[in-house]
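A quick write-up on the structure given underneath.
Here the chain labels run A, B and C in written order, and each chain numbers its own residues starting at 1.
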Amino acid sequence: MFNHCNQRIGQNRNHVPDRCPQMFSTFRVAFLALAWLMAGNHFLAAQDIAISGAKIIPMVGDVIENGTIVIRDGRITAIGADARVPVEARVIKADGKVVVPGFIDPHNAEGMSQANENNPNVPFVSVLDTIDPLRPFFDEARRNGITTVCVSPANSTMIGGQTAVIKTGATFLDDMILQRQTGIKISLSPAAGVSRMGQLAALRKELSEAKKIAFPEEKTDVTATAKPEADKTETPENQDRRRGRGRPENDSPAENGKPNPTDDPKPDEPKAEAKADAKPKTETKIDELKQPMVDLVSGKLLALIHCEIPMDVDHALKLIEDFNLKPVLILGRDCYKAADAVIAAGHAVILPEDLVFWERDPRTNRDAQVIVIDPFRELNAPIAFSTSRSTSDTIGQNYLWYQAALAVKYGLPRDKALAGLTIDPARMLGIDEYVGSLEVGKDGDLLILSGDPLDVNTWVETTVINGRVVYERSKDRKLEILLKGNQ
Amino acid sequence: MNHSFKCRTSFLCVTGKNILSRAQMNHSLLNVGLHPMQRCLLIFLAVTGVSFLSGLSLTSASEPIAIKVGKILTCSDNPEMPEFIADGVILIRDGKIEAIGAQSDIAIPEGYQVVEHPEGFAMPGLVDCHSHVGGTSDLNEMVYPTNPELRNWDQIVPHNQRLKFAIAGGITTVCFIPGSGTNMGGFGTLMKTGPGTLNEVIIRAPGVLKIAQAGNPERQTGEIGSGRMGMNYVLRQQLLEGQMYVRQWDDFENGLAPKPEVNLRLEYFKPLFRREIPVAVHTQQYQVVMATIRMLHDEFNLKILIDHGTFDAYHLGEELAKRDIPVIVGPRGFWLDREVGQMTGIVAEYEKRGVKILGVNTDAPVIPQEDLSFQATMAVRLGWSDERAIRGLTIEPAKALMIEDRVGSLDPGKDADIVISTGSIIDPRNYVTQVFINGKSVYDIKVDKRLF
Amino acid sequence: MSVRQLKFFAASQKPRLLTLLCSLMFAVLLLVANPSSADAQTLYRAGQVITMEGTTFSPGAVLVQDGKITAIGDSIDGGEATVVDFGDQATIFPGLIDAYSQAGLSNATRDEPTDEVTPNFSVANAIDWNSRSLAQALANGTTTLCLTPGTENVFAGRATIIKSSAAHRNVVQTDAGLVANLTSDPTRRNQSRQRPDSIYMRQPTNRMGVVWILRHNFHSAINKPDSTDSLNSLRECVNGDRKLFVVSRTAPDLETALTLADEFGLRPILVGGQESYRVLDLLAAKQVKMILTTVPTGTTSGTERTEICLNRAGLLADAGVDFCLSGDDLRVEAAFAVRHGLDHDQALKAITITPAQILGVADQVGSLAVGKNADFIVLNGPPLEFTTRIEAVVVDGQIVFGTNPQN
């Protein structure tokens, strides 16, 4: 069964509200349907599983001591102290263990091959073209309890591309995608050679142009599905730009390498057109390059905005307001100084990997400890944590649960810290319909822990994604070798 | 195919007819408005001129030949044709295999030149899907990231020095493709390694589209495409442009839309999107091959062949098998996974996972063209099955290139590309003693120097 | 001067004399009243006091005078002492000890580039008390540090043991031992193909050179008693009068270090030990003391491309090898060591009493006992939980970090 975007629905469900790429044809549907059926896809044969005897922290509602949770066809069907276990279910006894929803990493640039794009203005590229499920990141994710991750381009860019949300439990990308186009990564910290002035000016220009297309002045009825205007015809100049050569007069990096708009095909519309006298396959064109930014200012895509320093926060808040963006703020560690503004605006925040650091006061020349979490305790919006495997000096920062424990250490209430691993990132990404808490109807993504999630001695015993066991510590040979060393 | 030219009197005209029909089929160069007899004369001069210049032993062009050979490996898919014939004979006429069978079953007609290899092995000429030695060595036109207008049959040097060595290694057909310096290097040619004019050596042009989906094309300049996301984006855009163009022409030809303007840049996308020719994809490593499957096969519905598939991409074997995508492995044949610590034979892994159309290539000159059989040898050493290995040098690559109607097995009607060796070519101690291409002997160690 | 003139002089100076007298009286009063005066005592109380001497008091109290512990128990009558009560939720734990640190040394001061053999250079002359790294160490609960030079030289210089409090500038032991490096680090900048006048045109450029320099110098120290004084410190190591720290990470380097020790009669303290898990028997047999440096953060390899063994502390403990942990945040080091397999109590020892013993300062620091320095940290939970925070740090009897509950 397929939705209109040709995504398989079912066990390995791809949740794509209305943001998928527009390439579609009946032929392709038929072909893929056939392929899927012939695939012998083992997701069809997902077992029913039940986890019993555990302390369940559902994140919504009360903690259930000695509870049972039942997953059928990849979704939670029952949860509670008295939940009935179906006869055919595989039962995992979890006495003395703690069950929590799988952790969600809302912003991670690992897991990709060759992700760095030099051109800083590429809203039309997608992380899906470079996610590598065999990278060690995914192995580590399952080992440390991350079941869902929003993969995103890194920070050294202006408009870095489209992010996507994937589950970490499979090896073929199509089996992992939860949401194809979550948002667009924007960074206010400029790449080398560009000043902040230049970066902001270019960003504003792009957003303004998109806004003009999305909400042209003559239309009084501003709908979210406004069609973009047709673009100019092919001139020798455009031809140059299409081929990626030459610098256009206005020197905007956005122009390089774009194929000429008139040559861009319009995606076929989904329709029930099996008629013999079918309409021609080619129709009027939409500029696919501009579509993502149009969706951004129409609120259909999230704006994941990276702020490196406090002044970036002010600019970000202004951009959010001016262009009606739906933001997630990714804060650098110095941005704690702008916490008040963030709290007043009430936007979702992803905290930096350094939750505590030292800074020299320029007036007194004295070093003092800065606790980033402090000013954010008042934030009345979803909050989440970051990890930094590639840059961390300490081992703790590799783990989301460690960051949560550190937050508690420095004053964040425990419940909020646990929420920051689960339901808060789900809310900020708009995927809380499927993940982030253990509730009937949501995806069967959970962790069986050996103890309290924030305890130093707690390990992930089992990781379950969509009702399938994707990791068991007892069988984790790699971890054994890491602990004991390679003899 | 247009066989309007009739001339039965001269043997040259017969040859000429064959050459012409090939030319017409391939929309190729010989677009001359000549009287048929004039064409005949021209071809006669060309053929004799070429044969004179090449200096190799050539049986006269049309003379039928009967090759008597101790063992024949047919690599045939035809259930009527045995895989293996002892004391067999192959009858060649007009450049094609006329008949093949046991000597006891087939009488050699009058007028056939008889070639004897009582101890020899005969097998179909080897087919290499990934070769850069078919012409001049300036393989890449790298100004633009995609170059669908470029076609490398403009660069062919028939029977060049490297191809001569290739023949000595038994390779008779190569897929000559542009380099992987750009995402889309141009269209490549399926050609014979033997002597002849361009038309004579070309099997099909356009033969394949060349796409490189990672690595070299990731340029470090300011354009889009310095990273994998951008590179795939550029590729996708180009394919969309081509797809739209072909759809416009399809609509026109179905009477649904007015005639579009001819865009010379995009013309070769027609056979591509109509699935008449495949894409030879330079793709290796897991993520890249996965992107190939998802974009080129699933999204654009193209016929593709995985033309490297090395490193850890074999983990996608099941997905490839599901979709019947051919995999031609090379130049590396093994992978040492640091985690597993075990030397893994890549071809064997694909075989294990169910890939049916499976072969090896050289990426010549990365591996010298003549070493193609060694690629199979190594793959067998690392776990590939013997039976599949011979096929993986012949009929499977031919299928991958969509020319299995012409080459790849010894079946009546196919091109008479035959390799005689001292034994199974998988055994590196054996060597090639004679090679026929299009029914002519182009290499014979009794007469020529042994080159490999 | 006549008596009359003197009287007149005294009268005219009367205001000044009066001022002087008042000042003197005031000063005396101040001295008497000052709580940090020589005779003042402070009684620190908390919900729990872990001594690391085998006892834990719940609740507990520590009486401090002159920077030393004068009494310790579950309840103490402090008499006139100032009472500082950290509360029922607080735990008093001994100040942590880092046996191998470069805190307080800038990059420029920790390595001498002009010579590979600098056994007489001492970090005591290079301490920046106001540096951030020292403040960080203090904030993380490290009260005593053994400062050592870096890893760029074969014979790097002498270590110094200090307290981490900048206010006190307390040097516990100026000359604490000689540091040598048996790793590839000393080869880093040297190259055989240099301009002849370059200082980097010298050995060692590979490990063979490193070992040669070590052996050559120890050999000279022993066999040429009249040679330069610069080798005195090496002689002292041989005689056992001076501690020797040898940094080695890979298994072969550790073995070589021990072979050298045999050759020259040394008893080095090995530092680093990333691959010590491979030579456990050797370490146990020779009763070597180890200082393990920070746990690796990657999953493919550690410093100097050493193999990763997250539970090397646990393995060393099982083999009976004496070791302590080292790093910027000792509680995190210990917590992860426990997570990876080390016994919890062993881990607590490895950041307190064991490093004190290895450094030879266990009579002063490392645990809470009468007569020892009043160095302790105040925690709001179990010492090795990540959620536990350090509320205050006391060094030499005074609160030098965190909040004084009185204020």
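The criterion applied here is as follows: contacts are C-beta pairs under 8 Å (C-beta built on N, C-alpha and C of every residue); 3 or more make two chains touch, one makes a residue touch a chain.
Here the structure is a predicted model, which is why all the values come from computation and not from measurement.
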Any chains in contact with both chain A and chain B?
none
The chain whose mean C-alpha position lies nearest the overall protein Cα centroid is chain A
Between the Cα centroids of chain A and chain C the separation in whole angstrom comes to 45
Rounded Å distance, chain B centre to chain C centre (Cα mean):
72
Where chain C touches two or more other chains at once, the residues are none
Touching two or more other chains, which residues of chain A qualify?
none
What residues of chain A sit close enough to touch chain C in their complex?
136, 140, 358, 360, 367, 369, 389, 392-398, 402, 405-406, 408-410, 454-457, 459, 482-487
Given the complex with chain A, which residues does chain B contribute to the contact?
143-145, 214, 218, 220-234, 237-238, 240-241, 243-244, 247-248, 250-251, 256-257, 285-288, 290-291, 294-295, 298-299, 301, 312, 315-316, 319, 322-323, 339
Give every residue of chain A touching chain B within the complex, in rising order.
23, 27-28, 31-32, 35, 38-39, 112-119, 122, 124-127, 129-134, 153, 161, 171-174, 243-245, 253, 256-259, 263-265, 278-282, 288, 478
Please name which positions on chain C make contact with chain A in the complex.
132, 135-136, 139, 275, 277-278, 294-300, 307-312, 315, 328-329, 332, 335-336, 338-341, 384-389
